[in-house]
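Order as written gives the chain letters A, B and C; numbering starts at 1 within each chain.
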Amino acid sequence: MTRLNRQSLIIGLTFLVLAVLPPLLSAIDQSYYVSIASKILIYALVGISLDLIIGQAGLVSFGHAAFFGMGGYVCGVLSHHSANDLLVFSVFTGTNNALISWPLAVLVCMVLGIIIGVISLRTTGVYFIMITLALAQMVYFLIISIPQYGGEDGLSLWTRNKLPGLNLQDDTQFYYICLAWVIIYLLIAHKLIYSSLGLMIKGAKLNHQRLIALGHPPFKAQLMIFVLSAMGSGLAGALMVNLTQYVSPDYLHWSLSGKFLVIVILGGIGFLFGGLYGALILLGLEEILSSYTDHWHFILGIALVIIVLTSKSGLYASLVGRKAT
Amino acid sequence: MILFIEQLFNGLQLGVTLFLLASGLTLVFGIMGLINLSHGSLYMVGAYVTATVTNHTGNFFLGICAALVCAAILGVIIEMTIMRRLYHRDHLYQVLATFGLILFFNESVRIIWGSQPLFIDIPQSLNFTVNLFGQGGYPAYRIAIIVLGIVILLALFVLIFYSKIGMLTRAGSSNREMAQALGININRLYTGIFAFGAVLSALAGGLAGPIYAVEIGMGESVLILAFVVIVIGGIGSIKGSFIAALLIGIVDTLGRAYLPAFFKTFMSASDGAVVGGSLASIAIYLLMAVILVVKPQGLSSKL
Amino acid sequence: MLQVNRLCARYGLSEILHDVSLSAKQGDIVTLLGRNGMGKTTTLRSIMGLTPAYQGQISFQSEPIHQLPSWKIAQLGIGYVPEGRQIFPNLTVRENLIATARVSKSKHWNEQTIYELFPRLAERQYNMGNQLSGGEQQMLAIGRALMTNPELLILDEATEGLAPLLRQEIWQCLQQLKSLEQSILIVDKNVKDLLKIANYHYILEKGNVVWHGDSEQLNKNTDIIENYLAV
């Protein structure tokens, strides 16, 4: 079987399984797993968006929790204000309407992405890693220094957002919303990669100097992809807060940025679709290990070291029979 | 004024702690090209070992010595089993493997020592205050840390620029293959440098023990500060690290001490506290951003 | 003292050396000749353990060395002067000499004797490696290798890229080494100069040794020089 066929087969099969998962789970009376599946999809969305910047541009962002958390906080804070009838910045009211708060979350992350991107894209390599980490840490400290939003404790929400015509409180409907976003984001990312912009970004990864010499300084293109990546992660954060009905500084924490990187690696760098498998493995492992021991981080840590030392391509990459780029 | 000098010294003390951590980090990165997130874990282990031995024997200096020995052994083991396999890998994989090590170390500490923080008393011999400029008392222990940090900086300079080991280190960092072809066992040299960095990190952790709580995760928050330090200082530069560490220590400490009060002068007390507190908590990151805009490679780029 | 037996080496997937055998005796000056890209440098790198031998054996003073790491090979007594000199740029001249030195009372080479051999280096001992001219760098590279007091000195492109006068200086230095009975394995393009000081020659062509003989034989066989060495 050729690679392409094998790849389309796997993608097709995966989406088939994802499409029928909720009825399947309720048929075997395991509906509890629907919300876990939603969580996997949400993390997959981050994995896909992060792979956009790592796999395509070759820049390792160690700060994507900042976007994830920021998206979540925008959603959570709006909802908090609307539930308690408080004004945001004493100017406008909060809202619980997904049609307002989700786009707003993505918009805020876009702005944050531009700010962080403009600063960190001045550098590459290990500087980029550390600067994204540091700037994400800045966002973390900024948020927990605001006592109104729960400080280090975070905020609990009364209810999920409202989406006209749908009931997000229903786990199955919420699951399909997450799935739809993953598909939409995959399509956008896919389109971008094969556009001239995407090629330019790939070119910058291979030969930065030459692109500049050819009159295409890659900064703008890299910034665009970085911002798109930030927006995807922000959307995922908004979904996450809806899933758990809880906004926590943990969503901004640097260790979550680390986990996002793990997802990308497990899935295989450069395979957008791999993020789905990366999220599946990581969360699956978390779910299984934590049911046996409280100290599952101990095992995860060792596993990570072993994975890095022994393998060079991710699971999805091995499935489709290719080496990660 | 007294308060200001006190805060300045607190800043220096934080800066020195950061320098101990950052110097090992920057050496390992500058020479081996390894970005080691788990450097902070050795800081934590150093603090825990110091706390345990001190609380058992009642002797803080014995505790510090035990921590240094432990860190050296751990450093050698980690380098030989894991790190040397990472030198040639992409930074992403280095980040991932050392992230795994953080999880491993944090959980190991939880298993061994439990989740409750530990506390260390300031050693009796340093538990007094010193008059600064004839006014106000300042803890001698903190002054001791500052002095020790400066001594270590000088020792590092002598070691790197005037000892044969230092020459070999610099030779190896510019041309690893050539150093080997002239008969230098680079692997052993690298193990030594890594273990040395681990010892400095554990020293920083042990010294911080009596000032901050000894708890799980203490390594990471300070590690991220150390990253800011080496980014500002220029990766690989000891001199740059020292300057940047003091800068960060002072800006962070003074920011926390004065910004809330400053904003309260023209805002309501509660708003001022929030805005000032927020700004103080991000001041060093803003500083980093500004320096990077001016000098993307940091203040200094030579070893 | 040095025996290379049916050496085969590759870079990645492409084989550079197919079948190289050569030997050097104590006190000999042996040359490796051949056009660019014929495998001279690779042969030297294989001896030093920098490009591992894929097949074949290399032994030095009857000890097999083809599986040793390069630092051990160097410590057994081989001093290496690489192509392009590869001075440590961030070390001073003096530091370049002493960082990797293995000197002792009973050995001939130390800082003093190196400065006598190359007075220029003494003048520039506090300059950084990257502040030297090409000729000075070459002197420093030779001095650095001699400071390990090697039994065998390996010189890759000893005079490449140097002005004629500087070349003469290097040849004179090699002549001096010869009078000290230093064994040398040397690669260079100036066959005439090599013929004057070397005893034995190997010619490499596409990764194989195609001819070997002493200086007298090479002098007689001008067609060999024509065939394998003329540009």
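Assume a contact is a pair of C-beta atoms (placed from the backbone, for glycine too) under 8 Å apart; a residue touches a chain by one contact, two chains touch by 3 or more.
Nothing here was measured: the structure is a model prediction, and the numbers come from that model.
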Contacts shared by chain B with chain C include exactly none
Using mean Cα positions, find the chain sitting nearest the overall protein centre.
B
Cα centroid separation, chain B vs chain C, in Å, comes to 45
Cα centroid separation between chain A and chain C, in whole Å?
56
Roughly how many whole angstrom separate the Cα centroids of chain A and chain B?
31
Which residues, counting only chain C, touch chain B once they are in their complex?
48-50, 69-71, 74-75, 79-80, 82, 86, 88-91, 95-96, 98-100, 102, 144-145, 148
Touching residues of chain A toward chain B in the complex: what are they?
54, 60, 62, 119, 122-123, 125-127, 129-131, 133-135, 137-138, 141-142, 145-148, 254-255, 258, 261-262, 265, 269, 295, 297-298, 300-305, 307-309
Residues on chain B engaged by chain C in the complex (per definition of touch):
164, 167-168, 170-171, 173-175, 177-186, 302-303
Residue ranges of chain B in contact with chain A within the complex
29, 35, 37, 82, 85-86, 89, 91-93, 95-97, 99-108, 110-111, 220, 224, 227-228, 230-231, 235, 274, 277-278, 281-282, 285-286, 288-289, 292-293, 296-297
